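Listed after this line are the structures, all set down as structure tokens.
After this come two complexes, each holding chain A, first together with chain B and then together with chain C.
This part shows the complex of A and B:
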């Protein structure tokens, strides 16, 4: 199957749509944690299914100047006009500083704290990014509750787009970094072919309005 | 003489959206820059008496540009146009010399309000 890449204009528009959605997500997280969330430029790419894991690993490595090491991942599915997977990836160290910020009691087992916090943070970020994208494309979608996908595993072991049954995937990556030491979260959205085309139509409509 | 206005954003769509939000009868000479360095060069050449500046850009961020404007003592009126809507982002931008802050997606009313407040309209 051949696949049509996004034009530079479409890619630019998508990046800006995600940038605005990311800003809303960062503000939502900042409000919950009462810290400043540093944002960086989101990145978008269309990749073939067998290249997804490598592409995600490369994006993360370049965002933080090096091998991401093991990550803990939380996923949420989304569906309706756009469908796909929203996956939040956390570095191993970040969880402790996050627990401090959220003021969680130490009564729970550490893994239990990690799990609750990461699900909560993932839900805030995914929800805000997805809602932000939907609003700008004048559509809406539903999403599932967050579930823990992997704890302390290498990135290339958690993503298998072939298992999703896709040929190509639109990969969107945004990076949130807290002032708190060691905490960063990469939010990755993966969408299959028909969503790539739905998005293309939405972006074209925005570009025509310019 | 038209007012030299510079729009700085890594996204060309975003620059167009900002320019589209300008008042129709505003007498300006618009220049664009897609990055911080290019923006500083344009300001030094006198192309940006009013500068609409994005914060989240690859390489030099909008914060870096504001700091550099101050360091070089460049004379311009900086309006931040950003999707980073955290109060701390606005606070930091203002501390670095930004005079106003407009949220993305840019609403014409908000932008006109800023221009009116500072006597550009």
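This part shows the complex of A and C:
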């Protein structure tokens, strides 16, 4: 399938929507964890299935000043008006430093705690971002439970173009970093095909309302 | 929004009460305001025992610190939250539904969803927790894992390189040895390993090490006849069984294998790596009683080669 590029006005509006939503997500995480959360300027663009792995890898590499190495990934579906999946990518160190912030007791195995934390943090971030987007577009989302997608794998094995089942998707990505040492999370939202058009209509409605 | 009339409100009440999913609702003070039949049946506490009471007082075994934080997050962020049995086996310790047939799990595995309930001003006033019984999924997963493990053990292939594994090589060697003994035909064995393989791992990482193992397997497999049996014996050690080959023929094959590895570097994701192999060769001899001895002698030849310069072909001593 082919797609029509967003107009410059639509692009600006989308960037703004995403900036606000990401800001809210950062604030939400900071509020829950009671730590300072820094985030990069979100990037928004339409990518082809072939290009998505490289695009994501490049963004992580630029955020980390070098080779992203292996990642652990958590995916979560969202649906209703926009349909897609959020993927949170974590460095291999995981997020040990979060255990205490999230109120974990030592009842679970350490690996299980790490995994539960990754799921939890992913859920908070993608929920906050998407609720922020939904609010601005005057819609709302339902979410599936987050699941572990990969443990310590290279990024390109995660997003294998052959297995994706779509040609083009709207890609939104941002990097979150905590003051806590060794933790950073790269959040990717992928919304294939029809969501590109739904977003366009939503943005047009917003622009008309200005 | 349409307000359900009296009848459909009763209908909804009845569905929520009887659905085969745990439903409980707490307010901002963690006071229980709804407790459906699933919860009552599995906990043994009826709605009247629980409603209006503090959740943590009724269930002192709940992971209080963690659950409070989770609920606080839902109130604060107005966002769904989830837990999976895979990380946290259960929230409420309930008996499972297979009391007669299963001892694999000790209690009900649970997937939980925390749903923010908002008032008209978009404030979260309550959190609804739903509890799905995931015991069956959990048991299927355990069974699947057991099946995969036993499949892997019984499979003839080495999972990394795709060539035969040690178990298969040994059983084929046993068969070929018996056949050769019966027909008094030739049989030779090559045992080889990668020189300084530890250094490859140390210098280029384990992933590059794996890539080297795969490429060595690949090149050697391409240089053999189809009746030859080739497998990974373990670590960086490989075995080739050569039916109907005398020592001279086996030596030629070994030399060919040595050359196909040393001729050009192996390209890995960590760069090109120069790799050589040392090969020990032994043929079946009437005084060799078992296939183990045959393999053992090839190993002795290999061991001698390791001491004597590597990147070479070494025959078992008596034959050299």
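The rule is simple: the second predicted complex is superposed on the first by the 196 of 210 C-alpha atoms of A that agree within 3 Å, B and C clash if a C-alpha of one lies under 4 Å from a C-alpha of the other, contacts with A are read in each partner's own complex, and residues count from 1 in each chain.
The rule we apply is simple: a contact is a pair of C-beta atoms (placed from the backbone, for glycine too) under 8 Å apart; a residue touches a chain by one contact, two chains touch by 3 or more.
As the structure is a computational prediction, the values presented were derived from the model and not from experiment.
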**Prompt:** Just chain B (first), just chain C (second), both, or neither: which does A:115 touch?
**Reply:** second
**Prompt:** Is A:61 contacted by the first partner chain B, the second partner chain C, both or neither?
**Reply:** neither
**Request:** Quick one: classify A:124 as touching chain B (first), chain C (second), both or neither.
**Result:** second
**Message:** For A:206, using the defined touch cut-off, is the partner it touches chain B, chain C, both, or neither? Pick first, second, both or neither.
**Reply:** first
**Prompt:** Of the two partner chains, chain B (first) and chain C (second), which one does A:12 touch, if any: first, second, both, or neither?
**Reply:** first
**Request:** Using the superposition on chain A described above, determine whether A:143 touches chain B (first), chain C (second), both, or neither.
**Result:** second
**Request:** Quick one: classify A:26 as touching chain B (first), chain C (second), both or neither.
**Result:** first
**Asked** Looking at the overlay, what does A:151 touch: chain B (first), chain C (second), both, or neither?
**Response** neither
**Fill in**
Both partners, chain B and chain C, contact chain A at residues none
**Prompt:** Across the complex, what residues on chain A touch chain C?
**Reply:** 28, 31-32, 102-105, 107-108, 112, 115-116, 119-120, 123-124, 127-128, 131, 143, 145-148
**Prompt:** Once bound in the complex, which stretches of chain C touch chain A?
**Reply:** 63, 65-66, 68-70, 72-73, 76-84, 86-88, 111, 113
**Item:** In the complex with chain B, residue positions of chain A that touch it
**Value:** 9, 12-13, 15-16, 19-20, 22-24, 26-27, 30, 36-37, 39-41, 136, 206-207, 210
**Interfacial residue positions of chain B with respect to chain A in the complex** = 10-14, 16-17, 20, 56-58, 82-86, 88-89, 92, 104-105
